[in-house]
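Below are structures written as structure tokens.
Below, subunit A partners subunit B and then partners subunit C, in two separate complexes.
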Partner chain A sequence: MSPPEPSPVRVPGFATQVFQIAAKDLRIEWKSHEILLTMGYLAVVIVLAFAFAFVTVGGERLSPSVTSGILWVSVFFSGTVALSRTFDRERDGEAIRALLLTPIARSAIYLGKLIGVVVLMGIVEVVVVPLTAMFFSAELGQHLLWTALILGLGNLGYAAVGVVFSAALLRSKSRDVLLSALLFPLVLPVLIAGARATSILLDPKSPDLASAVFWTQFLGISGGIFVLLGLWAFEPVLSGD
Partner chain B sequence: MSERFGAAVDTAVWQFRICRYHSSTMATEHAPARSSGLGLPWLAAVAVCILGFAYLPQMVVGAPIERTMGPVQKIFYYHVPCAWLLMMSTFVCAGGSIAFLFKGSQRGDRVARTSAELAVLFGICTLVTGPLWGRVAWGAYWVWDARLTSSLLLWLIMVAYVMARRFGGSASRKLAASLAIFAAADVPLVYLSVHIWKTIHPKTTVVPTLGRDMMGVFFTSLGLFTLLWVVLFVLRGHLEKARDDLDTLALDVEDHLEAWEKSAR
Partner chain C sequence: MSLSLNAVCKNYGRHRALYRITAEFPAGRISVVLGPNGAGKSTLMGILSTLVAPTTGTATWQGQPLAPGTPLRAQIGYVGHEPGLYPDLGARANLILFASLYGLHLAPTALAARLKAVGLAEDLEGRLELPVRAFSRGMQQRLALARALLHDPSLLLFDEPSAALDPTGAVWLAEHLRQAREAGRTVIVITHDLGLAASLADRILLLRRGRVAIDRTLETPLPEAALRTLYEETLSVPA
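For the complex of A and B:
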């Protein structure tokens, strides 16, 4: 009697793999709320710090470019928390080894992590954006969906670069310092385009919608380029030295 | 007494084995490329560089004075070559990084590291000479123009590259390589995004409109700076190669000594 055939491992499709990775990360986060709370707190504190630094006694409104700049800076700085923690968790108990041993495509890990970070940043923005609008009496309600689109594309471009670097820093000692030092210069195009687009939409008089369309497209294209480069570079980076 | 004698014999045997190891094993099996000293052509290139840079100020002084900008225009003979080398170094760095990241080429890694350091060096020259000229020509040290901003960003990324290599630990090589690849995509994006606002930097089309005397000085300077880059690149690459060889050698020695100790026991 021949031994029974080992049942073949059924590897799920690519989209399922991506979804599983993202769902795993979000599920872990849902149990502890660690990233959301620390990241949201940091974002609010940064907005407050700017509010105190630029405080005006008469309550006159700051120019839209300053308000949108404050919003984007707080999004960028708080984003590093999500980026560094999402791979820190894989270090606990060498979970990264298990992850790499599963028959999952490296690019699926990248996309799954990317989606997880983008979602977390989006949730934090749901709190920070209205708060910024309130503190600086900015007209955010005018183009709400458009602003959401710009923020979403900005998160995508930012996280696309960030996930590669936080994966590369997985085994490095001075992780946290290096992550922001390497990440911020690279994501400046996203910051420029995002802050320009938001400041145009915040302009209460007559927003120059054609420019806003241009900057939104710019965000989309640079986000796409960053995701492609990330997919390309992620595999060799993750495989270690 | 006999114990001491035994120890002395032991030491002598050790020394003999190490000597023999040095003379035979290393020379044949692991002969590293000769890394002491450069060949004659490179010494000649160094000499040309030294003489050239001693004479270049004479040429710049002798060049005609530009009509609208006056003598301050002469900084152009230093500024433009440095800016060109900053850009070239970045592309060399990205090329080397791609070779390292996807083919595992050690040479690519050395090339990338060397050119990143040169990018930082020539970037400093560019970013110091530019504002000096701008103060006179535009009335401000710095303006947020596309070319200035993208050069500054490029320089910052190259500084980040060098920092990552120095402080990043074991994973830093791949980290820095991906940084260089992203940098190559990043700079055009920043250039474009700032270009949407008005750009006031002189266009590259300035060069063909130069008078003949100016052209001569400019291209001499460009040639000299590029030669300097090549010389520094080769010297630094040499050093990095020697360092790599030394590391491999040290590991080999350790392996051999361990094996020898085991067999002696």
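For the complex of A and C:
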């Protein structure tokens, strides 16, 4: 019998590929709620632990830098759950191999995964930010959109590095430990910039908006650099060569 | 439409996984790759499936190099010992997802035809939305084959496909491998199952410590006992 003609595969456009990967991850999460519940639980527990640790007599307000630090620590620690579990789902049943054999670009897989993690972190922040504001009497409403922008850029920088490391540790048995150990030192600039910017916006007396602009720009530029580095590193990391 | 390996070597650091592998895998034939654990079969499958780059040498498909990232992978169908499906998604969602990644729109009638082709139409009636993890291993493997055939690939790779199948599932698998051969596809099967190999192989490639120990085209099927003897005698000779 003569060999069949090559199949008429029409590779989807790059933006479609990115959307397909992100939509797939979010669809799986929509069905299970597993990552969101775990992230949300962890983030709330961290905020509550600090709330009890810093309980004050007479309802004194904590300094804005402490409050913003607590918020960002809860965001970062809960973010590791998203990074870890989103790649566990690729490892289950070796779905990752089937995915890598499709004709879509590795960079599309990276960006799709990145968007999925950023969205999950954003959803958790919708719960954690008001909770932090409530427990620590923080005035978040004054610069709410700006705070949301800072958190979004922080999520981007954090996830841009985290997705690469999570992919690199895909087959590592002690991935959860290694992920935190490797990731946190690298994303410290994001944590520092995010916490500084947020603390400035939380300061009701004299918000130094020029400094807040600087730290926001820093977050944006570092996030962009991390995404570019991630795009460059993702393919060799996945191939393991 | 054959696949060729020309002096392919693959090193992982100082470890040599494959050494100067030269072989042809013709279309319309089932080529079976055998060998003990550590012989280099998985590395070879990685190279054939474009997921691993050879250190030296070339692997070509239709005269074009099989390298990581090549568009040629759109012509490859792969079935491993794991199903390669998202366990939390349903059967329908998995097939529609993978079809879309190949740029294909899977209409309900096409989906039904795909499921019927792999003998799942009745088993999955009313269960298309159930998570794949709820299915038996045999059903998952049938779905995996349906996934691998979505884009009508001309090169089909099977890596230990019968590892988790019961005897009925193994018979079903052998039948589909024969159908793929009849359709003129290039079929390469890596397996430890000498019974499956004896019943299907048109060509045998036996690897040993990363080298080709036997490369033989079979004009007539080889009885399992004869294949087992050949396998054991070859491996018993000091390297």
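The definition used in the following text is that the second predicted complex is superposed on the first by the 233 of 241 C-alpha atoms of A that agree within 3 Å, B and C clash if a C-alpha of one lies under 4 Å from a C-alpha of the other, contacts with A are read in each partner's own complex, and residues count from 1 in each chain.
What we mean here is this: a residue touches a chain if its C-beta (ideal position, glycine included) is under 8 Å from a C-beta of that chain, and two chains touch if they have at least 3 such contacts.
Just so you know, these numbers come straight off a predicted model, no measurement behind them.
Asks: Looking at the overlay, does A:L99 come into contact with subunit B only (first), subunit C only (second), both, or neither?
Replies: In the superposition, A:L99 touches subunit C alone.
Asks: For A:L48, using the defined touch cut-off, is the partner it touches subunit B, subunit C, both, or neither? Pick first, second, both or neither.
Replies: A:L48: touches no partner chain.
Asks: After lining up the shared chain so the two structures overlap, which partner does A:L169 touch, if you call subunit B first and subunit C second: first, second, both or neither?
Replies: First partner only.
Asks: Could you look at A:F214 and tell me whether it touches subunit B, subunit C, both or neither (first, second, both, neither)?
Replies: first
Asks: A:I225 in the overlay: touching subunit B, subunit C, both, or neither? Say first, second, both or neither.
Replies: A:I225: touches subunit B, not subunit C.
Asks: Under the stated touch criterion, which partner chain does A:I28 make contact with: subunit B (first), subunit C (second), both, or neither?
Replies: Only subunit C is touched by A:I28; subunit B is not.
Asks: Contact-wise, after the overlay, does A:R10 reach subunit B, subunit C, both or neither (first, second, both, neither)?
Replies: In the superposition, A:R10 contacts subunit C only.
Asks: Taking the two structures together, which residues of subunit A meet both subunit B and subunit C?
Replies: Shared contact residues on subunit A: 240-241.
Asks: Contact residues on subunit B for subunit A in the complex?
Replies: Result: residues 101-102, 153, 156-157, 160, 163-164, 167-175, 177-179, 181-183, 185-186, 189-190, 192-194, 196 of subunit B touch subunit A.
Asks: Could you pull out which subunit A residues touch subunit C in their complex?
Replies: Checking each residue of subunit A against subunit C gives 1-7, 9-12, 17, 20, 24, 27-28, 31-32, 89, 92-95, 97-104, 106, 235, 239-241.
Asks: Under the touch definition given earlier, write down the residues of subunit C that touch subunit A in their complex.
Replies: Residues 1, 27-28, 49-53, 62, 68-69, 71, 73-76, 78, 80, 82-89, 93, 97-98, 100-104, 131-133, 140, 147, 151-154, 182-186.
Asks: Along subunit A, where are the residues that touch subunit B in the complex?
Replies: 161, 164-165, 168-174, 178, 181-182, 185-186, 188-189, 192-193, 196, 214, 218, 222, 225-226, 229, 232-233, 236-237, 240-241
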